[in-house]
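Each of the next two complexes has chain A plus one more chain, namely chain B in the first and chain C in the second.
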Partner chain A sequence: MELSVVAFWVLSAIAVISAIGVVFFKNIVYSVLSLISTLIAISGLFFNLGAELIGALQILIYAVAIVVFYVLVISTVPQYKGEAVDPKYALLSAPFGFILFLELAYVSVYGLWASNTGIFSPDIFKEISNAKAVATLLFTKYLFPFEVASLILLVAMIGAILLGKKDIVEDEKEGGA
Partner chain B sequence: MEMLATVIGVVIKSVIFIVGMFLAAAYLTLIERKFAGHVQQRPGPLHVGYHGLLQPIADALKVLTKEDLVPNNVDKVLFYLASLMAFVPAIMILAVVPFGDPFTIFGIEIKPFITDLNIGLILALAFGSISIYGVIFAGWASNSKYPMIGGLRKAAVLIGYEVALGFAMVGPIMMAGSFSLREIVQAQEGFFGAFIWYQPIAFIVILFAILAETGRTPFDVQEAEAELVSGYNTEYSGMKFGLFPLAEWYIGTFVLSAIAVILFFGGWKGPHIFGVLSPFIWFFLKVFMMFMFFLWVHWTLPRYRVDQITEIAWKVMLPLSLLNIFITAIIIIVKG
Partner chain C sequence: MVPYEYYVALSGLLMVLGLIGVIVRKNIIAMLISTELMLNAVNIAFVAFDMKLHDVVGQVFVFFILTIAAAEAAIGLGLIMAIYRMKKDVDVEKLTELKG
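What follows is the complex of A and B.
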């Protein structure tokens, strides 16, 4: 058997099993641990596909930069609160989960069709690196969405700073009164 | 069959790298203890072997044969897992660090690196940052106050400096035009071609970031033995305790020193005065100098407060590294 086929089955098994763990673990720290495991297994799948830039960024951004904030918050939650279950939310999340599933299914099928079109064939990727291909697309075809995304991030950052500042001002007023 | 040969070749190389790193780390502890001793005007280890030369072996035996105590109230799975999660990513960075150009010996071409991905630097950054979980989960699993505070402090420090480190690395990457560590070395020609002359700001930011990432003294708030007993590894004993400093202080510092040497000091380049082995000798000489620099800082300076550390990260180091990217970009555009 080809090495990449073995890698695909092993990595997808890990990803699926740990994704199930994210949902069914009672202890939220274990859930977050299996989320990290899922994300790293998916990054392994990217490497397997030859998209090593996306794979490395997947580890760096998703598995570390984002999840570490979850871990920071979750590890300070008392355990009895973390294990509490509220059936109301389970009922609410079912329709949203189904809509999300439909969207993901559509994107996957569309991606399967769209990946065979366009100028980037595997031969071109061998010649220029992944990083160059992504950068070229980002700064030519997708320049406008790219800039909009950075603007949204800037707005979010300023918003976060304002939210953080407000409490301090109120505290001082309360302290003075 | 060719595939099998590749797999066996990579496995053998990895084993050599890992075993070599273990032995090197053992003797780095001796170097550190001797150095710390002389900084504090005492001789350091003296009695095991000539001037303490066998001390690391005695230490290893001691750590391995000690009682492996697991407190009752810890989360056992995570408690065991955390020490590995701190250790394994640190050693995985070796997979992308090249130690020299390919050379031929006895008719076999030997490549002194495990992989030469064209995104090596990002991968090194990614592996380096995964080890943060070892520390946080060690703090959480211990189910005890001091480890918890230590783990959270370490997380706060790492988040700040990881960002600064990533942005500071962009300067050398822009000058070399590649993420590949090998191509970055090849872009630095001659003594005045080393990137340290063109990227001094980035170099200073990276020095701070390496000290913070490896938890060496001006930044070792996560252990802070005067306030937190021993920080996140308070509840650990035996070999599980040994893995934390081995991963952070020795393997982490060594590997990050190697990356700093590749980024700023031309890696294995140097005059060919040692014959065939001169690339290796130059590389290890430079890495060793970097390592000694970190030891020197560690054993001389007092500790920052935790708020001072995060303030330096976000208010000084991050703007400096962004400024460095800006200046580098302008110079590259003007010079063409």
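What follows is the complex of A and C.
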């Protein structure tokens, strides 16, 4: 058995089990810890597929930055007392989820044959690295979306500061009362 | 090498788990976390198709998805903080002002 096959099965098992934990843990802190485990396993899958740049960015952005956001908010909001899972939806969502899974798998596997293959064959990746290939495309063909992404981050930052400010909410409460 | 169909199946499984999480959970923060799970499922599918089709465009799109996910987490959690400050609750069953 090849090493990449072993790595795939181990990492995907960790990812799926942790994802089930994310959905069904009652305590939200356990959910976030499960999410970190899932994200790191997915990052390992990216490395296994040969996408080093995306794997590293996954750990940097998701498993560190975004999870820190969640932990900060969870530490501010007191512990949630109600039941975690709505039982009437839990029973209903399982069969529909299974049907959706079959459809997603079918459509993605059979839709692929209609696509054209690109120029980046494994032989090319022996000469240039994955990071160089991705970055070259990012800074030539997709330069404008890249700049727009920076604008989105700026807008999101300003929006988060405005939403998180205390004064606005208090003003609305006084006006409403 | 693992066939790419396995990666696609894993991606579909994570997507459905995230969707079930959004439907089933009652805590609004847990719903947002399930959304992150769905975004990650899409990322796996992008990278797996890239390896199959000998291209790197999918990885560029994963880069943009990471950016959008960071923005979405910041805005979503800011909204949750604002909601919590007004209503003192994060239960979606109790946040029903817009219900007719």
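Convention: the second predicted complex is superposed on the first by the 122 of 177 C-alpha atoms of A that agree within 3 Å, B and C clash if a C-alpha of one lies under 4 Å from a C-alpha of the other, contacts with A are read in each partner's own complex, and residues count from 1 in each chain.
One rule holds for everything that comes next: a contact is a pair of C-beta atoms (placed from the backbone, for glycine too) under 8 Å apart; a residue touches a chain by one contact, two chains touch by 3 or more.
Because the structure is a prediction, the values reported are computed rather than measured.
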### Message
Let me test your reading of the model: by the given contact rule, A:V64 touches which partner, first (chain B), second (chain C), both or neither?
### Response
first
### Message
With both complexes overlaid on chain A, does A:N130 touch chain B (first), chain C (second), both or neither?
### Response
both
### Query
On chain A, which partner touches more residues: chain B or chain C?
C
### Query
Of the partners chain B and chain C, which touch A:Y89 in the superposed model: first, second, both, neither?
second
### Query
Counting only touches as set out at the top, which of chain B and chain C does A:T76 meet: first, second, both, neither?
both
### Task
Quick one: classify A:A156 as touching chain B (first), chain C (second), both or neither.
second
### Task
Once the structures are superposed on A, label A:L53 by its partner contacts, choosing first (chain B), second (chain C), both or neither.
both
### Message
Under the stated touch criterion, which partner chain does A:I36 make contact with: chain B (first), chain C (second), both, or neither?
### Response
first
## Note on the structure
Interface residues of chain A shared by chain B and chain C, listed 2, 53, 57, 65, 69, 72, 76, 130
#### Entry: Touching residues on chain A, where the partner in the complex is chain C
2, 4-5, 8, 12, 15-16, 19-20, 22-23, 28, 31-32, 35, 38-39, 42, 45-46, 48-51, 53-54, 57-58, 61-62, 65-66, 69-70, 72-74, 76-77, 80, 82-86, 89-90, 93-94, 97-98, 100-101, 104-105, 108-109, 112, 115-122, 130, 133-134, 137-138, 142, 145, 149, 152-153, 155-157, 159-164, 166, 169, 172-173
### Parts of chain A lying in touch with chain B, wherever the complex brings them together
2-3, 29-30, 33, 36, 40, 52-53, 56-57, 59-60, 63-65, 68-69, 71-72, 75-76, 129-131
### For the chain B and chain A complex, residues of the former touching the latter
3, 7, 75, 78, 81, 117-119, 122-123, 125-127, 129-130, 132-133, 136-137, 139-140, 148, 151-152, 155, 158-159, 162, 166, 179
### Query
In their complex, what parts of chain C are in touch with chain A?
1-2, 5-21, 23-27, 29-30, 32-34, 36-37, 40, 43-45, 47-57, 59-60, 62-64, 66-75, 77-82, 84-86, 90-91, 93
